[in-house]
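Working notes, structure below.
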Amino acid sequence: MKRVEAIIRDEKLCGAKEALKALGVAGMTVTEVKGHGAQKGITEVYRGRQYSVDLLPKIKIEAIVDDNDVKKVTDAICEVSRTGSIGDGKIFISGVEDCIRIRTGEAGAKAI
Amino acid sequence: MRKFSYISILMMVFMVVASQTGWADDAALDTGDNSWILTSSALVLLMTPGLAFFYGGMSSVKNINNMIMMVFLCMAIISVQWVFWGYTLSFGPDCGSFVGGLGMLGLHGITPDSLSGTLSEYTFVAFQATFAIITVGLILGAVEGRMRFNACMLFIPLWATVCYDPVCHWVWGGGWAGNMGILDFAGGTVVHINSAAAALALCLMLGKRKTANIRPPANVPMIALGAGLLWFGWFGFNAGSELAADGRAAFAWVITNTAAATAAFTWVVVEWMHRGKPTLLGLASGAVAGLVAITPAAGFVGPLGSVQIGIMSGVGCYFAAVKMKEAIGYDDALDVVGVHGVGGTIGAFATGLYCTKFVMGPDGVDGLFIGWSAEGANQLGLQCVGFLATWAYTFVVTIIVCLIVKYTTGLRTTEAQEDAGLDLSLHAEAGYHLETEPVGTLK
Amino acid sequence: MRKFSYISILMMVFMVVASQTGWADDAALDTGDNSWILTSSALVLLMTPGLAFFYGGMSSVKNINNMIMMVFLCMAIISVQWVFWGYTLSFGPDCGSFVGGLGMLGLHGITPDSLSGTLSEYTFVAFQATFAIITVGLILGAVEGRMRFNACMLFIPLWATVCYDPVCHWVWGGGWAGNMGILDFAGGTVVHINSAAAALALCLMLGKRKTANIRPPANVPMIALGAGLLWFGWFGFNAGSELAADGRAAFAWVITNTAAATAAFTWVVVEWMHRGKPTLLGLASGAVAGLVAITPAAGFVGPLGSVQIGIMSGVGCYFAAVKMKEAIGYDDALDVVGVHGVGGTIGAFATGLYCTKFVMGPDGVDGLFIGWSAEGANQLGLQCVGFLATWAYTFVVTIIVCLIVKYTTGLRTTEAQEDAGLDLSLHAEAGYHLETEPVGTLK
Amino acid sequence: MRKFSYISILMMVFMVVASQTGWADDAALDTGDNSWILTSSALVLLMTPGLAFFYGGMSSVKNINNMIMMVFLCMAIISVQWVFWGYTLSFGPDCGSFVGGLGMLGLHGITPDSLSGTLSEYTFVAFQATFAIITVGLILGAVEGRMRFNACMLFIPLWATVCYDPVCHWVWGGGWAGNMGILDFAGGTVVHINSAAAALALCLMLGKRKTANIRPPANVPMIALGAGLLWFGWFGFNAGSELAADGRAAFAWVITNTAAATAAFTWVVVEWMHRGKPTLLGLASGAVAGLVAITPAAGFVGPLGSVQIGIMSGVGCYFAAVKMKEAIGYDDALDVVGVHGVGGTIGAFATGLYCTKFVMGPDGVDGLFIGWSAEGANQLGLQCVGFLATWAYTFVVTIIVCLIVKYTTGLRTTEAQEDAGLDLSLHAEAGYHLETEPVGTLK
Amino acid sequence: MKRVEAIIRDEKLCGAKEALKALGVAGMTVTEVKGHGAQKGITEVYRGRQYSVDLLPKIKIEAIVDDNDVKKVTDAICEVSRTGSIGDGKIFISGVEDCIRIRTGEAGAKAI
Amino acid sequence: MKRVEAIIRDEKLCGAKEALKALGVAGMTVTEVKGHGAQKGITEVYRGRQYSVDLLPKIKIEAIVDDNDVKKVTDAICEVSRTGSIGDGKIFISGVEDCIRIRTGEAGAKAI
């Protein structure tokens, strides 16, 4: 079981969500985050003072998937989320030891 | 001394009547009337911020400042345009029944003592300025999230000059429409149809938003705030349009309130039946639809007429906003055409159906449904002439204005700006910073 | 010619006096008075949106639209009910000192020329309509988060008809309370006690919320907005209740402002002492408590009396909201009983203590603390009769109304709806979408 | 009977004139005038909540309740202070041209029948109370996020007593400034310079905020709401200051609106050129700057003068807020000095440039740029005396007031409180709870 | 050391928090997330347009606990968060290598 | 590759961000969370009712870094975020298996 954690642009959420659904990955958890990377921030202006925002709004999608789904999931996310300019985001993959479905108490792969 | 006392008594009666009605002395300012219209002017001015919140609350959160700012910009620009040339184009000495002359450029010749009826002429200038301002503001609901801000700065004074001022002159300034006897008590044609025709032209010229940029309303309570301020200010709009603090003004107050309430209720019921849920946005939209529709009729129809106009506008505007827009396929973001165009047209038409001598006095007209007479049918025809002419004139002229703007500043923002939201891309200013930790550095 | 000039001068004096005071010619409309009451009507109408924000801001974020919408719904329903039968039930020809007759159904017989004192009768219709609207709105603060919306749609017109209209008639429409000499300048009994008694009955019938659904206020600045608009509108409420733009109206303005300020300050101080922190919600609540308490007294008591009423209401309503509710154990969500019931009762009672001929003129009454006379004690007794009768009548009748509603539409929402929040479950409409990314798809 | 009819006609003319103008009978209340000033009083009162939102929206989200509450607190405190001793210190019988006597403590001796011109004296009391309230409120924009709340409770009545009341007396109450002929139509000196001088002193005494606690505005739409309510209320402020519903009041209405609009537009353009982006905060700030600058001039200058004052204040206040503050280095959080101080000074000065007999009548003065005469130069000198005296007096006296407060309650909050935000640390009350899940437990 | 990450319904937060406290697990971090799984979304309506929200608000509780506390923690969460209908949420368990208490600089198990 | 997850005080975000930048760790993702630990909550008051907030706003910084950067990153965060009083927060370290840069599709260490 792996955790696929993708940090993508705000506006790519819909696309990524649909792509995952298309792959049959129904379960996902989405968080509003702020990110900082190679991408330059933006500057806001308030009464002549400049407010440099270097943490930009991003979306984090977490999906816990079977080990052999990882590749197709990351590929799908990459495809829909890529614009080619800086700020497209990253995907991190890490291990998950177990999963429990609260409703039924089932554990392991069938609970994903 | 019989004769003497006889004359004395006559005189006394005359005096009292004269001093109360101003009849003997037409040229005097009535402080009561002036007070009411000064108040009304302030009320109508407040409608523009009200409109900004009504529209702003409906916008996507990334365009909320831009929407509010465009509407506020109308106050900033038209207030000055009005003083310099707007007032004289609207109410200056008539030129060919079409527009006012330039005799009062910069309010030339109007002194603090000048009168307009029982009002100070400056009161009239103020009151009418607020109408010009909000009419332009109304248009901008159609353009959410995709109009350049400098285009807006050019469009506003241009449109006011070539559309608002002439149409205002036609109806109220001594132009052909008023002379023909077309009835428009407080601006169904001048304000609502006028702005809706422009909104239609403008949103066709701008094109549609990307689906991804069409978002649910950012802030529904803010919509309610806008609707509340609009309802409040509309008493100045309609009851103020009597230009006196008399019984007919009070009548218009009640009629306005009744129609707004009826339409609000109707919209909620229709929405409930059609979509299964009544919404606050629906209630607010219905109230505005009713206020729009009663605007041309407020001083002409009776309470029952106003209830019927309320129902017609509640149903009509609901389906115009929900169905017609989709069917025809223009992207009028916040339904200026659906609410103000359809509502204004319903009101202008229904004025010909329900206007009554009961309110207008013996010189008035009984509408078709009141008198079932030729007089009524004739009035209905006149009403149609009025609104058709306005729709046509304003639609065409606005297209031309848009073309001028397009080739001067450009009309539409870039796709990147639209995706990022106009607040950040055009104004470098986010609507809200409600998080407690700072995400940036202030310099 | 002596005689002649003597008479002339007398006449001149008479004329001027007459034309200024309207004394010689009672039946004429005074544009100044009419202007002020038209303005006041708009101000009081704005209080209802103000109340919607005051209540909405205090609600849980998942019920905020529902709360605002219920209050706005009162504008939509009562405005029409008032025109059709509410006005005539309240102010129509008296039937047995209890309710008005049906002679003015649909405002029958009232023309734009009809007068009510120096006002247009339509001005009076408008002004009184706004009182009926807000009274029903006030009740709904008690029901946050658990009342069905269709129940609300039924309750509002029913309650207005069987509770508001009669009680209004008792006090102001020629009914027994007014005839007995019970003093209620602007509606302490008619509006505040009336609505609070109904709120108590309604929240007992509805039952309590689950503890998990009792939440801190969603939006405290919105509460302040509501309080600001209420304070502003209350000048129309109280100073407008003089029905003229005279010195006593101005007096009521000052008295109202003083009491509101004193009570706001008092609440803050009491809260500080009791809980260790002064809060904005407390300041706003105190201001409203003071405005409520001064309502029946605004045109009867002097500045010092108003300060004392302010202090009494600040302390009294604080402990009613904070302690009494818990002690007795009803779930009056936003403290309608604590603020309007207790505040209104304090005000009605204190009117009997502090009313003074200094304001009321020689035909008035000196209250118990002013004159220390039997007259004052008698007035105090009358005041008690007034508010006890209203509490009792309205409480009982509201229970019956609730039973009718319960067996027609049902009163209370399901637990699932309450947990999910009424905004989504009843209206399919979230209050805010302040996040920048879309979480769904618009069709 | 010739003679008789001759006299009759003369009499008739006299009567009508008399009854319309009140000339023959100065001591009568004019309901129209009284109505307008009652309305204006309510409008000006609403400016204080408006100001609270204007300031609140600009604050950091963790201080938003505190900011709103401090401004509301002025309503709670000054309304009572005014009735007890503020009014008499300002408008009581003159003592040495410096302050009013104590003859009207607690409004002693003012009856509902007392007149002030054509108004009820209570109307005048009410109207002036609202000016005193907002002046103190204005100061508090400078102290965002670092002033103790009990310091605020002490500062407010103290400052009003030793700064507002005397300066008000100087200019309007029969003091030296008014007697010398210094012109201040609606309070450029009394209200704006007065509050700005105090704000400067207070923020110097408080010291700067930590950079980390300087945050972007929490809620820009709320700023727009505040600006909208201020603009609306300002019609009461300026056009109401005529104290009559006459032509000059209407004139002041138009002049006020024009200057506000011009300055709003100017600020946007200047900001656009200077920073590359026009902002809604800028538009709102510009409108307020224009309203401030036109305040002393509204009843003295013509339309062109108002446009020029608008431009001057738009440019001047922009650079004062953006550059001057940084250059000098005081931490005036929300730019009270930049907007109200600089704007008020520009307005007071420009009144000497642009005032004109066209508006003021034959007894008036033609300003330097109008008449290019010694009279104008002299008036300009007088204007400078007026604002310099106010800046100096108020700055010094406010320092003393601050010292008194400092050694009584302490002025500044602790660093921990500032970091946590004053809403939670002083009031135990967060501005918003917009999340749907509860994060705590209510007891 | 394990990370127990539970995604539960909004309204179950209080209960879960109390349950964890009762077990002596004081430390936890809560995030507002939006989730998508078997649960059907809700539909909002704005001027006749339907807005289908398929990402529903959920609460994520993260607690880093000792290896032998995992079972009792997950059991407790399951118990209080179960309603039996779809949307109850899931628990994911993964490994954590180290933990540092910033205040003291302590690391390892005693820092939890 | 390791995930360094620091839960710190709100007001320490700026400092931590600068410290990480100074170390050359440009990439980071920030989330607003609510935390509960040894720290006592605060009490709000609304019309005399007390609302005890025991979940306090905290900031979570996540940075995926090279294994041998972990020490210096945690040290830097500890240093700038420490106040010495309860509530300073914690740092958790766990393993990450892979990282993909969406823009380029690069994977592994060079994608960090």
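A, B, C, D, E and F label the chains in the order they appear, each numbered from 1.
We adopt the following convention: a contact is a pair of C-beta atoms (placed from the backbone, for glycine too) under 8 Å apart; a residue touches a chain by one contact, two chains touch by 3 or more.
These numbers were taken from a predicted model, which means no experiment stands behind them.
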Those chains which touch chain F and also touch chain B: A, C, D, E
Listed pair (D-F, C-E or D-E) duplicating the B-F contact set, over half by residue number: D-E
Result of counting contacting C-beta pairs for C-F and D-F, higher pair: D-F
Centre-to-centre distance between chain C and chain A (centres being mean Cα positions), rounded to whole Å: 53
Where chain E and chain F are represented by their mean Cα positions, the distance between them in whole Å: 18
For chain D, residues contacting two or more additional chains: 4, 11, 15, 19, 30-33, 35-36, 39, 212, 216-217, 219, 225, 275-277, 279, 281, 428-430, 432, 434-436, 438-442
For chain E, residues contacting two or more additional chains: 11, 14, 30-32, 34, 44-46, 49-51, 54-55, 94-95
Chain contact graph, described as a line, ring, star, complete graph or other shape: complete
Chain D partner contacts - residues on chain C that touch it in the complex: 1, 4, 8, 11-12, 15-16, 19-21, 30-33, 35-36, 39, 43, 60-62, 211-212, 214-221, 224-225, 227-229, 231-232, 235-236, 239, 244-251, 253-254, 257-258, 260-262, 264-265, 268, 275-281, 283-284, 286-287, 303-304, 307, 358-359, 421, 432, 434
Chain D contact footprint on chain A (complex, rising order): 44-51
Partner chain C, residues of chain E touching it in the complex: 11, 14, 34, 41-46, 49-55
Parts of chain C lying in touch with chain E, wherever the complex brings them together: 212, 419, 424, 428-430, 439-443
Complex contacts: residues of chain C adjacent to chain A: 435-439, 441
